[in-house]
Amino acid sequence: MSEQLVSQLVNGLLIGCMYSLIAIGLTLIWGVMNIVNFAHADFLMIGMFTSFWLYTLYAVDPLYSIPVCAVLLFLLGWVIYKFIVSKVMTGPGLAQVVVTFGVSIFLANLAVWLWTPDFRMIQRPLLHGTWDFGAVQLSVPKTVASIGSVLFSAGLFLFLRMTKTGKAILAVEMNRTSALLMGINTEKVNALSFAIGTSLVGVAGAFLSMYYYIYPQVGGTFGLLSFCVVALGGFGSIEGAFIAGILIGIVQTLGGYFFDPAYKYAIVFAVYLVTVWIRPQGLLGW
Amino acid sequence: MKKLAPWQIALCVAALVASVAFPLVVKGTFPNHVMIMVFLFAMMGVAWNIMGGYAAMFSFGNVAFFGIGAYTSTVLLMNYNVNPWIGLVAGGLLAAAAAAAIGYPCSNIRSHYFSIATIAFAEIVRIQFNNWKFVAAAEGLSLPILPEGFRNFMFHSTKIPYYYIILALLALSLVVCWYISVTRMGYYLRAIKESHELAKGMGISFVRYRLYAIMISAFITAMAGTFYAQYILYIDPESVLILPISVQCVLVTMLGGAGSIWGPVIGAAILLPISEVTRVWLGAKGTGIDMMIYGALIMLISAYQPQGVWGYITSIGRRTK
Amino acid sequence: MSASPCLEVRGITKRFGGLTANEDVSFDVAEGEILSIIGPNGAGKSTLFNCITGFYPPDGGKVLFRGKDITGASAHKICKMGIVRTFQIVQVISDMTVLENVMTGAFLRTYNNRQVRAKAEEILRFAGLYEKRDFLGTAITIADKKRLEVAMALGTEPKLLMLDEAMAGLTPVELKGIIGLLRKVRESGVTLIIVEHVMEAVMELSDRVVVINSGRKIVEGAPAAIVRNPEVIQAYLGDRYHA
């Protein structure tokens, strides 16, 4: 019984790391532009399909698709920002909330149209099987994916603090007007942050494709979960999102373990509602 | 509200006459079905508009109220033999109560946070119904077939009575929306939309008025849900509790013009025929084309014409003056 | 002060984290008086406004309105009692006409549409905005917006009107106009508190002046006495001029 609990905890930790990587991109976009990217998890789906097709058509292992996904999703994010999202930045509130919702529906159903709504899997990825630690068995792809997402999260963290561009992004996040006055091209920073956010989630897609079902609507659940992560971590906070991702992963698996697995997501959504009721600025926010 | 211009009044009268005459002129099940869907979603758009258009509470969870309405009247009818008309009101009241329960703690949550909270709420409701034995979980409920007639809210030989019922419900919702917009509540909601600070400074309890708006919106949406159940005679979580229905409410309003009385009606009149016809033409379910068009429409409208069709028309009107 | 004061502020203190924005501020406002609150930027004037009108709960002290304790009551209730404030950054409802803006204020006292409209039109005449009643709230000049703010506040039938920089950035002619309007408001029986940087207006309008610096009240008195007060001069001009 307790052995099962430990393995559930470990599982929660592993999936939580994925949530972290997905959510830091979302929180970056949110913080910099004050726009919720409802399409965020659909970029995840695009990343997963990219990796799937590279594997199926050209026998490229998901592990090697990671840079491809990163670049492709970066470009896609840039284009979507330039032609759609940037147009609403000064528009009415409704447009700002709704626009990425449209992107989400469009991308998900484009995938349905192109690739049918079927569930797919990558049959034999390079990384497969389990590592046996006696009490706990670790799935190899899940573990590697989690380690990878921690590395990428750390990479973003360092990028924002160490590089000039990163510091410009942080400056805009803190105060857009002052940043503008100090000669930072905020429009470019917006586009860049959006593209970095989608690029990171594309990387997450490549990792996830190693062990998760790939289907057009996969974004739905992940999207909602990443909102909960961002809320919990404090809106716009990278470190917060990282910690909260792991927390949500654990809450979800433990919720499924102690209650009913059918309700595991309902529990996470309830956590979101309670969080914004009590602390509208996010649980780990200041 | 500004007084209606003569051409606007003429348009309203023409629209009303045309809608009443439609089933008498156009025979055939499909056109009537399309019109019923137009009115149904126009009604839900009107409901959404009260909270979203007037008070800037952008809900993506109105489907929860739709589902509550559909399930309440159906369960009352099946288990307790309660007349669907009573079920219609009961569903509305229950949805309004649920709206109050969720809306009160949410009343301080703004913009995106509110939108996400509504999705979370609707998802919790969906998951609950999907696993709830009392309402047959994912299997769904088939309504018992009663003798047809207005009293039983059920018609088998023709769809025309449904047509007039939903037209009347839509008219009722429009009257409610119009009444709100010309009275104190409408002014207050628009003040709240502008700024919470400003509203407070003018003595407006935004918690209370936001709550009113959500509850009225929920009531109307739930009535639409009951109508849907009585019309289709089968409901399950996959048909009355899914996100695309919420999105549809937002979309018809936005396409037509949020914050105007006629916006949702115009939006539904444009969108629903497109979606119903594409569904029939493309035949197979799940090609995703109709939803893809929706997504593209939302993107393009919000990016390039965020005031909607009504906003576009009135801006032309203003320019030519 | 012979009669009981309109507003009594007793030792208001407000902290934001480690920063004390207001410390132990006390003053009275008599019925029918025009009181100005002045002080350098960041002195805590707006915070004080927010504490009095219920936008922030004060950390210490009391606010009494006509003898009744209103400390910590919510903003909309305080407005209903008769204390109305305007904002430093002009706020009007942008998708409403000038008339509708004032009507929104006037709905506080009655549901009746016709009465509200009549009252709003009367106020617009009073405020000199009647000709512009059908303009959108965003389509009028900044000076008219400031008048509109006052008109919106008057719609709620205030007993005490608190204006946060209603005169900043106006031309001399516009300034004269708004000073005239505020005089008329006072004559109609409304007590006024104004936070202001435009000293010309302060000198001309106020019966008394309260000076705030670094969150504390440093002095209060008649306008003519205030400008000669060395502490006030120091607060505004800094230490260099003290000696």
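Things worth noting here:
Letters A, B and C name the chains as they come in the text, with residue numbers starting at 1 for each one.
What we mean here is this: a contact is a pair of C-beta atoms (placed from the backbone, for glycine too) under 8 Å apart; a residue touches a chain by one contact, two chains touch by 3 or more.
Please read these numbers as outputs of a predicted model, since none were measured by experiment.
Listed by label, the chains touching chain B and chain C alike form an empty list. The leading chain pair by number of C-beta pairs in contact is A-B.
Taking each chain's centre as the mean of its C-alpha atoms, the one that lies farthest from the centre of chain A is C.
Central chain by Cα centroid: B, whose mean Cα position is closest to the mean of all protein Cα atoms.
Chain B and chain C have centres, each the mean of its CA atoms, that are 43 Å apart. The mean-CA centres of chain A and chain B are about 32 angstrom from one another, to the nearest whole unit. Centroids built from CA atoms put chain C at 48 Å from chain A.
Listing the residues of chain B that touch chain C in their complex gives 2, 182-184, 187-188, 190-191, 193-195, 197-206, 259. Within the complex formed with chain A, the chain B residues making contact are 52-53, 56, 58, 60, 102, 105-106, 108-113, 115-117, 119-121, 123-124, 127-128, 130-131, 243-244, 247, 250, 254, 258, 286-289, 291-292, 294-304, 306-307. Chain A contributes residues 30, 35-36, 83-85, 87-88, 91-99, 101-113, 116-117, 216, 220, 224, 227-228, 231, 235, 260, 262-263, 265-266, 269-270, 272-273, 276-277, 280 to its touches with chain B in the complex. Within the complex formed with chain B, the chain C residues making contact are 53-55, 74-77, 79-80, 84-87, 91-97, 100, 103-105, 107-108, 111, 113, 116, 152-153, 156.
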